[in-house]
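The next part holds the structures, each set out as structure tokens.
Common to both upcoming complexes is subunit A, partnered first by subunit B, then by subunit C.
Now for the complex of A and B:
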């Protein structure tokens, strides 16, 4: 076993950056900003004195004030608190959806790339077929047919999200498996499972991470979009898209109902996109 | 000799294998769509009966049974699927449950609105993106350049439904300049076009800028510069032509996503079109219409993607004829 390890360590430096360099690169500033935002957001969630669903009919549709920073909605609920809690839905659900999609896609991509020609053809044709459905249209149809609810929306979005990961993992892992150090490991008799987990997957991971960040922000837009159309998270739950749908009716009298949830979506997506861009630049520049 | 072979024979091979792949994808698309409708919960016969007799709430079993026989609902899944596929291939897309009109009639009545919206948004968005990208590569790193990049980033993160609402709020409700909802005159088209077009601008500005910058630092441009060709001529005659292929590729891919965006925009602005038709049919469970529309969107998407790949091969002489499937398999065999 040790001889195998050293045999491949000879080839490692030129084709594979060491793990500590990657870690250092990720830690420095790329993850700092999102972590800071998350920390501020969590503390705001804990500090807010209001309940996101507590109604107060004396204070319906009041504009932003020192008491209610983002004003109150048609039932007198504090919009700022609801925007904060809405992030749990939008960002959290998007995280779940993209993670599950990425795991499914990775498994399918690896299977297609490394378990025979038949599996490859079948799995890639299936994922091509799924790819043909525009994401949002498929999601609207699935969520609508199953009935509007949060779990159906999550199912629909996972069903349309795994293909890009499968494609990426398949093409990358196939090209990596042709690299010399993998060949060396194979010649040394390392079992395929170990080659996959130790040599191929770690090298796919950085690119997967970039795609995953990208998918995360897109999922936030999809979740809020579906909820806005009435196919996703249902009122009275405080989700940004659902809040926009609620606020649409009071567009003229209480514009703050529409402005703040929209801004929240914009900032969340922008922040994740920028982090993803930075990650990509860093990985490209290695 | 070898050169000629490379130029001609693989072309047919590439087109042929791509067509084969296309056919298998189309088969998969139709199967997935049909399975999606088939597996959706709820009694189909009940839905058909409800659409046929809107005034009554409950239906006697013999009526439901008659409907099941009429629509072959008792047959096994595959029999139903091939029955539908046969009709579909013969151009018989069925009739809408709710209105009774043929699906094709309903579709033709709605696609025009969507096409107008998509084309006008694409034109507007591309012109704006082109202007922004041109100005920003003129002096990379300048204030205008940074402004264009920031605008593109924000635009990409902007939810189109929110942008639509903001535009309605400002131009329709507040200023009262333009109508907010509905279809008809040219003024109804302005806000939806802006909403969808700005999305195109956001996605294309960054890409165009990157393509222009890449071409600008290419060796052949450097040579032209040394020969004393003016920057203006370099840009209009060489950089533009050089960037045309990748740009065309990305634009065509955007057209596919535009159809998707049109769905949301049509719903926000209560416009006619296939998007609002889809949402309406999903809510009223009008299965034939849903099935047709889903297949239509998928077909359009696949057709555009395949066309882009073919066009790329046609326009770019350096690339040669390749096929996505054969190429990778040959490579693996050679190297492993």
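Now for the complex of A and C:
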């Protein structure tokens, strides 16, 4: 560090460890657990000797054993493998749905907040009317009208999830655009697009991130719920909700068919929620 | 030279500023004092085009854009070129997510300059405000209040303005830092011959640094005198009360309690 000799204390930057290093350390530990889980999951996917859709009628409904850790289902398929592959659908689709919803909501929120009163009124009333329907019921209705398929479910869930983001982004970005530093940027002649990308979005992002993780875990539940009702991922694809639906018939005789996918949903939602909570704590701690 | 003639501002039928005229000579400081709600900050905002003020005339350093606004309401882009604004709360005036150096260089946005020149200019501006150039990489949350206000001063200074508007630049700071930054402001003014228009509550500060004092009361100019005249022979009973009150509080130099600022000290 080059320091200039002036004899004034205020010239020297404070010598405590920089806040950014602390933040980086925190960020690493917050992201470490989900990354480890993802790594274990990927290696398990590669190591499993079974095909998720390969049937074996000699081994129908067998209980958990050293060969089949989570047992087999009514078609003799390995439940452990299906739970692993099901995660790709549940968590992956949920990620797609939440991300697309967040991007759409952000664009709509920014448009409503910064491109005139007419846009604001129209877009916010539209989002209010979407809010008027209970989320899952509206998704069931849309998916039911369009016919049961994975892509229709994705569309339905995006259609009922973007409003949260739009509202949050609109209200936060409007309050940020009244801040002094935005006024300084305007006085300095920065174009509106640059003010949005440089001053407003980075300050909306932390809150958006927390809402996004929250939405992600809720989407897992919604996907599983819709699949359980038969509107989502279709057989023979393994999806946790669809597996629950398949296992329902054998609940008495082979409970492992429902227990393991159920636990998978529980742990996935819990892990994402806890990560979201830690993110929130970290961002609040500023 | 900044010359404002008959500036008026009314919003929703309420008159906030009425018939305000004044002149600031190059390199001089005009302190605007007055109680809360007297229109001090509105005046600064009007000069920057942030409020729909009316002018009879405004001329500034032979600046063409200002001359276009000879008469009538301010229209067109906000911000008076060649001037910069330093705000009251330095933390609110700096984006918490971007490093100070980037905030400072934003002031040069209108000029397209190569990155190297910008970096050099940021460095020079930080040295001018007596900050270590290393703080350019820090976030506002990583520096003290005083350092943040110095960074804001650097942001104003880097554009090489001939006028800087200050909106209570020291009131967010503690007394020791106030004094140091006031001295820095004076040094910069002497070095670059910048006009200062300073809104302040602190008559002690005004007595030490102002060349001219303008008192606003209910949006009207109550007095506009040289500092020497104002503190020794106030133009109106209201100004007299202000000076006496400040003297009683000890923020002005009197026989009993010395001023926290001394004229010409630290320069």
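Throughout what follows, the second predicted complex is superposed on the first by the 261 of 286 C-alpha atoms of A that agree within 3 Å, B and C clash if a C-alpha of one lies under 4 Å from a C-alpha of the other, contacts with A are read in each partner's own complex, and residues count from 1 in each chain.
Heads up, the rule we're going with is that a contact is a pair of C-beta atoms (placed from the backbone, for glycine too) under 8 Å apart; a residue touches a chain by one contact, two chains touch by 3 or more.
Values in this document were obtained by computation on a predicted structure and should not be read as measured data.
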| item | value |
| --- | --- |
| Which superposed partner A:181 touches (first subunit B, second subunit C, both, neither) | second |
| Touching partner for A:132 - first (subunit B), second (subunit C), both, neither | first |
| Subunit C versus subunit B, contacts on subunit A by residue | B |
| Which of subunit B and subunit C A:190 touches, first, second, both or neither | second |
| Partner chain(s) touched by A:198 [first = subunit B, second = subunit C, both, neither] | second |
| Partner chain(s) touched by A:249 [first = subunit B, second = subunit C, both, neither] | neither |
| Those residues of subunit A which subunit B touches in one complex and subunit C touches in the other | 183 |
| List of subunit A residues in touch with subunit C within their complex | 1-4, 6, 8, 10-14, 18-20, 179-181, 183-190, 198-199, 202-203, 286 |
| Touching residues on subunit A, where the partner in the complex is subunit B | 117, 121, 124-126, 128-130, 132-138, 140-142, 144-147, 171, 174, 177-178, 183, 217, 221, 224-225, 228-229, 241, 244, 248, 251-252, 255, 258-259, 262, 265-266, 269-270, 273-274 |
| Residues of subunit B touching subunit A in the complex | 21, 24-25, 27-29, 31-32, 36-37, 40-41, 153-154, 156-162, 165-166, 168-169, 173-174, 256-257, 259-260, 263-264, 267, 278-279, 282-283, 285, 290, 294, 297-299, 301-302, 325, 328-329, 331-332, 335-336 |
| In the complex, subunit C residues that touch subunit A | 48, 50, 77-79, 84-85, 87, 89, 92-98, 103, 106-107, 109-110, 127, 130-135, 138-139, 141-144, 146-147, 150, 155, 159, 177, 180 |
